[in-house]
Each structure stands twice: as structure tokens, then as C-alpha cells.
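Heads up, the next two complexes both have chain A, just with different partners, chain B and then chain C.
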Partner chain A sequence: MADDKDVLRDVWFGRIPACFTLSPDEITEREAEPYYLLLPRVSYLTLVTDKVKKHFLKVMKAEDVEEIWFEYEGSPLKWHFPTGMLFDLHASNTALPWNITVHFKNFPEHELLHCASNSVIEAHFMSCIKEADALKHKSQVINDMQKKDHKQLWMGLQNDKFDQFWAMNRKLMEYPTEEGGFRYIPFRIYQTMSERPFIQKLFRPVSPEGNQLTLGDLLKELFPAAICVEDEPKRYQVIIHGIEPLLETPIQWLSEHLSHPDNFLHISIIPAPSD
Partner chain B sequence: MESWKSHVRTELFHRDCREKDPFSGLYGKVSRLEEMLDFHMELWKDMDTLRSKTNKRCPDEGGTLYLRVNELEFLNRQLKQTISELTSSLYLKEAELQYCHSQITRYRTEAVMLAQGASSLQADLAEYEYQLECQSKELSILRLEHQTVKEELTSVNLQKEQFLDRWLEEKKEEAKRINKHNATQERWQRLAGRMKKRYRARSRPPPPCVANSTSEIKTMEPQHQRLPS
Partner chain C sequence: MATAGAGPLIGPGARKERPFRWMAGERPSASCYLDERTFRLCCQLFLQHSVTIQDGWSWEEIKVADEGFMRKTVLIPVRSDTSHHQDVCSVHTGNTESLTEELQADVEDEAAGVQSVCESPVVLRYEYHVVYSSSYQIPVLYFRVSTLDGRSLSLEEVWSNVHPNYRQRLRQEPWDTLTQQEHPLLGQPFFMLHPCRTEEFMKPALDLAQTQHKRLNYIVTWLSVVGPVVGLDVPLSYITAVSAPD
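On to the complex of A and B.
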């Protein structure tokens, strides 16, 4: 449907204005100017920050430079999660642009994965896609694809080419009409209030009685506190791609249209602002 | 459009109004300027190297021309890049069009199959409706028959009751008659017995003792049973 394709475009072209500042702990030859960049919501931090790295390397000595990593208000930002999800989880109710601190030293080994090159991101991205397809189609679609098709998915994301990516990704979004949806919905629920990285369980899009299940049904099962009780103030915000979908939105439709390029539906649950 | 879908679309629009639109112009401009700056810096370095080789201090007409040529080359490269991107986009669109055609074929086949299924189901439904009509007619006939038979049964039952009453009445009469007959028989037997006794007493000499004559008389008494009236 044309309307639904617009949703896919809006999701793909979502951008977050960011201001990268070099950490005061870093040794520089002269003062480093901040670097401003529009971050694609669906990409990975380390995939789109080559220019940031290049910008700060101009004022640093080669011997002071180790692996780059990013931090927001004391929390190291996990590059292997989509950028939009990181913003929703850590900074969605703050003023823009998003102030990110850049580090080249003291890599937090216990909190972040190393990202030596783009091939590491590619491996992570492809592993996520394969996991998602295992849930959706028992890996049948991704296994039927050729190596060049996998490459097309990756290149589409790397070069921010919507048409190139979706020409291949639409195959991963198909399902038999009679089944009414995927086998299981690939999703991950993130929360700031817990040490647990995310919640991920098997969840079917259609009930045994044949009814379409909704975002509300998913939350009722996995995070009931996020469902607002009548006459009580809202305690949590359920955010996907920077928006709060209605709880009656079918989870199958959300999976088809609001999934990240890794084919997972990344859901952030944050405490509702008090004002 | 479903409310949840329009909500998602509206929210995405508001999100872009908040996060993307106010910044994209400025960020794009800064990015382009930085790109041009990098390019000019590179050129400057090249020209500086050239000048140091030729020992010239001031930028001359050749230098300006060199700058212009390089700028044009830079723009040319950018245009080539854009053309190549547009070409690949065109291929992708063609592939998408083919995919759309294949989807149309698939959905058409599905639609035809569904229509066939629907028409077959409709024929079945019509047949079942006809059967239902026949069966409901049969049922109404059977109900009528049942009603008649039930009425007949009631009348037969009534007759049976009457016959039973009459039969019992007759049996009662018969029992009375038999009892009466038996009583008459008994009376006759008794009378005959007495007459026999009297006859024997007259026809033989008087007995030696009374005890013997009593036992004989006893054996002559009738053995009839009395029926209940």
C-alpha cells in the first residue's frame, strides 16, 4: 500500500541532530571544535562517524589515539544497537542537538564491544538479520538468498540507499497469506531501569483463536507495568523510532513497517516525564 | 485508514518536524561547506608545493585557472556520482516494477482461486439450502402424520380401557355365574349324598356301631372349589 511505503520511508530517513564534542580527558594540540552531524536513526554509530573521527584526529597526535568510543551523560553508547534506539532510550526527552562525547582512550572493555572496522558491524548486522529470519521464517528466506543479496542488504544500509535495501528486504517481510503473519515476531524491549540488556521472547502475531495480537498484548505479557491503568498517571513511555504507537497497533504491522534494518522491532521503555 | 495507522503516520511527521526539519538545512549546509573547505585546503597544499618548486610568491593567472579547473573537476566528479546513483536507482526501480508485476500475478492467481472456492462454496450452500427445504417439508408431513397417529393412539387407548372394563365386568359376571353354579352343584351333591345315605339306611339292616357309618358319609361329600366373586 502506498501509505505503508511512506511509513517505511519516514522510518528509514529519520534523523537525529547530534553534536560531537571531544572529551576533556583527551590530549589535543589545539582546541577541538565540536562536530555537527545528522545521524540516521536506523544506522549504527560507528558506521556513520568516520567524519567525526577524521575531524578530531586533526587536532590529536597519533600516539594519543586509540579506539574511538562514544558516551552520553556518563553512559557509554553501545554501537551495536541502532542509533535511534540509543537516542530514544537515553535522551528522548532532552533538548536537541544530542550532545555526544567522543573518547579515544580508556575504552570500557566490560560495557562495549570492540569495533575495529566496518566488517565487524557488517558481521553483527547480518547475524541480527539471520536471527530475525530464523524467528520469522525458520531461516528459509535468508538461506535462499545469494551472497550478493546479503551484500545488497548491507550496502543499502552502509550507503543509506533506501531502494537498494528494500529491494531485498521486502523478501524478508513476506509471509503466506493464510498464516496471517510471521511465525514469531523478532523484537527486543530495552529499559533504562534494569541491568538486563533487553527482553526477548517468542511471541506469535496471531492468537490461537486467529485474532491479530497487538503491541498492548505484547506488553501485557512481557512488561505489564507499561500499560497505563485508567485514572492513574502514565508511568512509562513505549517508544519505537521516536514515536509512541497506540497499544492497539497490530504487532505484525509494526514488525513489517517499524522494524530496523536488522529486522528487529526495537522497543524502548522509559519513565514518563513528570511534568 | 485505521486510527492506529494514521496515528503512526502523524507521530512520524511530528517527530521529523521536531528532530529533523529544523536542523537538516543547517547541517547540510555545514557539511557542504566543510567538504568544499577540505577540497580547497587540498588544492592550497598542492599549489603551495607547486609554488615552492617554481619559486613564485604571488598567485598568478595560471594559479586561478588551476583552481577553477580543479573546482570544475570536483563538481564534475560529484555530478558523475549523482548520475551513477540515479542509474542504479533506475535499475532498482525497474526491478521493483518487475517485482510488483509478479506480485500482481500472484495476487491475481490467489484471487481467481479464492473466487473459484467462493463459487464452489456458494453452489454447496445452494444445494444445502435445497436439501434443507426438502427436509423441512418432509418434517412437516411427518409431524402431521405423527399428530394423526397420536390422536389414533389416544382413541385406541380409550377403546382398550373400555374393552378392559367390559372384560373385567364380564369376568365378574362369569365368576358370579360359576359360583352360583358351584353352589347349586354343591347343594345337589349334598342332597344326593343325603338321599343315598337315606336309601342305604333303608335298604340294609341297622349297623353294629355308629362310628363306621359316619366315616362313610364323609367320603361321599363333593370336592368343588369356590371361585372368588
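On to the complex of A and C.
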């Protein structure tokens, strides 16, 4: 059970300094100044950028404004992934602030999901939590909660209320002591080099012999190239919440402490810097 | 048998009281779940029959991942009274709540064939994907819709194309049933029929099959229930010709 509250707080309050710039393709009535914002790592881009939108709308005509979307160095940013994971995947090892380009036109229909309102984000968030609980507890914990409990999880995230969120989320982090962990670990592995959005497989936190499995064990099975071979230069970085956890870390501990509010462990694998 | 399973999907249920319930029952029984190997085997048998009747299903393999999905594209003509795209795909327009009686009457006409009443048919391209969900251990239906010149339809437009019989029921909590989601293998936006109620209609069908000692093909039964909601027909011959894998 999650008891290391300091870690949970550090994860929850993680921020990324970002600079939003309007795309030069947009038509404005006067020059648009960039907008600076500290982005919560565990939230969603479209949930925390109302101010960014308002800022740019001030210099634009209503008829030139369609659905807002964000881009980093040519890649549309998928709002339905947690912001911290997007940064880890696309912008680790670059200078801060994170430079994000804002668009109000030419929505990339074939790459991004529409996000017309916060209810779309809420539905997406709840569907992730439900999927995670299907893996962890055969959906029993989420199904035993009431609608107001689900609302509490969402409101906690939306309003950045750590205590409100965790008062409910701790129930999703419980497991029978004798089993030593969840049924399966909800995780996704992302890589920039692949067309495929992520790798997600069934993975148990404990081996049939009863040993705690580690992050290294998970990678060995699903992304062996990420494991360093002795005497060879490191090829990949394995990043969760901006850090490279030790490969010896038990995957169950990571799942309880470093999961995003959607209850998934989002793991980014990026090529190691060559210098 | 498979169509009988459609009852719970549109009939009155406990939905209002427990709108966020994921699975209908208490502890789900194992029989409703499908492991990945059985999924593939069911699909193989399904595809064999598809070749025989030439209705266009194929298997798409994701090479790097050793995963795959079943795919079919169909062109569906829909009625159009005007060239404006909002109306292109409307079988009915206007407030469905207030049209209840009219809809009931229309349903029989619709059953006789939507196409036959088209005055100036517009053709839409429906692409259906049957994808395995390892989290839920069930198949999930993904689809996308575009016009022949490549414009993707929005969720609203797709909703207006759902058969009125289903639409009325599903409309009440749209986010729970039909949403835009990322295709887990392609990374592109698709619409998805939520798997949350799969057990609700699969369990009675599977239980009945068991008591009658019939060997139902999971994919056939499941697809014949969820497919028609979004315009996908599963010919009756699948029910008789395709059985469960050995």
C-alpha cells in the first residue's frame, strides 16, 4: 500500500516550465507575445491551458479560431497522454523552458483526438482508471466505488487537490498482502522511434516462485535493448517522471508510487544522448 | 441466438442508477473472457468463412509487435436531402426525445432498408477494426468514417448515423458508449464502442450455448450484437458456419 507520502507529493507537484508561442501560420491582428506557464506533470495539456488560449484569443479574430492544438518541433502533442510523459518522450535533455507551439487551425484529424470540453478529458481519464483497475483488481475496486467517488478522483486532478485525490486513490492502490502486489501492473512503454503508440502487455509484479519482479525484469521481457550490456555504451534512457529509476526497483513499488493519476505507469524510452 | 443478445444493450437496465459501473455483474465469471490465443483462433475461423462468402474481412498483422487485428471496409449509402455535411449522414434530424412515437413507426421502415428510401444517396466509407484488449480480455470494435473525398466524420455526425433504435438509448450517456479513442495499435483517432457492457450481453448468450451444448464462436456472437449499432452487418451464415475453435 502506498505509504511513502513524500514520493507521492513530489510526483503530484512536479512541474515543467513551458513557453507557449503562437504558430506563425495563424492570422493575428497584432503581434502575439509568448505565454509562460508551469505545467503540472500529472495533468493533461488541454486541462491546464485555458489561460494560454485566452491569451492568444485576445489578438485573433473569432473567425480565424478553430479548435486549439499544440505542437513541439513538428510533432502534434497528444493531449490524452499525461503532460509529463509527453515532455519525457519528446523533450528530455533539451533546454528549458519547453517551447510549445500553439495552433488554432488545420487540426491534425489523423493524429489527435478532439477535445471539445473538459468532459471529454474526464471521460478519457476515467476510462484509463477503469482499465488500470481491470488489470489490478479485475475491476472490483472501481466497481465498488460510487459515482461521487469517481467524481472525487476527477475533481482532485482537475483542481490539483492532492489530498482529495489520494483519499480515494489509495483504495485503488490496495492489494491482498499474501499476493504481494496487484494482479497485473498497468503500464505503458512509449518510444519515439515507433509508429506504434505504446507497448502494453500483461505483466505480474511477482514471479511464480514468489520473487518481486523489477523494472529491469519488465524491460528484459518487453524492451531488452534498453538494458545495458557491460562494457557497451548506454543506448537508451528509461524515464519515468523525469528521472531514471534504478532497474532494480520493484515494479510493484513503482506502480504504487510513480503511476500517474490515471493509475498507469508511463515509461518513456529515448535514445541516450551521444555526448 | 446472437440477435437475442441485443436485448440488454437497448432495453431498460440498471444504467441510470449505476451509470459508472464497468461490468454489470458482481464477480465476473471466467466464461465471458477470451485469451489472446483464443481471440486469434476465433478470428481465423471467422476469416475462413469471410473468404467463402466474400464479405471482405482481412487480418492485419503489426509486424514488430506480433499483434494484429481484423479489418473490413464498407461503403454505406445514406440518405441526403441537402449537400450540407451536417445533414449528409442524418437518417433523422431533430430532437429524438420529442420524436419518440414517430421513431417507433419509422423503425419498421428502416428495417426494410434505409437505402431504399434514399432520395439522393451519399456514400460513406466505414472502416471497422476488431482489436483485442488484453486489459479486459475481450474484443473491442473500433471504426472510423469518412466521405469518399477523404473528410473524416465527427463524433456528432457518427452519432446521427447510429440507427435511431439504438441512438435513443445510447444518447443518454454518450461518453460511456461511443467515444473517440486512439487506436491502440495504429496510434490514430478512431471511434470505439466501449467494452464496458460486453459481459452483459455475452454472458446470457454463452450460458445458453453451454446448456444447449453448442460451440459458439465468441467473435461471431459478439460482433453480431455490437456491429449493427454502428452499421456493420454480420450475415446470418456466420452463426451456422463458424463454430468455436477446438
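Descriptive notes on the structure:
Following the convention adopted for this analysis, the second predicted complex is superposed on the first by the 272 of 275 C-alpha atoms of A that agree within 3 Å, B and C clash if a C-alpha of one lies under 4 Å from a C-alpha of the other, contacts with A are read in each partner's own complex, and residues count from 1 in each chain.
Rule of thumb we're sticking to: contacts are C-beta pairs under 8 Å (C-beta built on N, C-alpha and C of every residue); 3 or more make two chains touch, one makes a residue touch a chain.
All of these numbers come straight from a predicted model, not from anything done at the bench.
When both complexes are superposed on chain A, chain B and chain C sit side by side without a clash.
Once the two structures are overlaid on chain A, chain A sits at the apex of an angle of 90° toward chain B and chain C, using CA centres and rounding to a multiple of 10. Contact with chain C, but none with chain B, is seen for A:E109 once the two complexes are overlaid on the shared chain. Of the two partner chains placed around the shared chain by superposition, chain C is the only one that A:K130 touches, whereas chain B remains out of contact.
Looking at the shared chain after the overlay, A:K78 reaches chain C, while chain B stays out of its contact range.
Look at A:K201: by the touch rule set out above, it reaches chain C but stays clear of chain B.
In the superposition on chain A, A:D163 contacts chain B only, with no contact to chain C. Of the two partner chains placed by superposition, only chain C is touched by A:N143; chain B is not.
The superposed arrangement places chain B and chain C with a least CA-CA distance of 24 Å.
Of the residues of chain A, not a single one touches chain B in one of the two structures and chain C in the other. Within the complex formed with chain A, the residues of chain B that make contact are 1, 3-5, 7-9, 11-16, 18-20, 22-24, 27-28, 30-31, 88-89, 92-93, 95-96, 99, 110. Interface of chain C with chain A (complex): residues 18-23, 27-28, 62, 64-65, 134-136, 152, 154-155, 175-176, 179-189, 194, 196. Against chain B, in their complex, chain A makes its touches with residues 3-4, 6-7, 10-11, 13-17, 36-38, 96-97, 163-164, 167, 170, 177, 241-246, 248-250, 253, 257-258.
Touching chain C in their complex are the following residues of chain A: 78, 80, 109-114, 119-120, 122-124, 126-127, 130-131, 133-135, 138-140, 142-143, 145, 147, 150, 186, 194-202.
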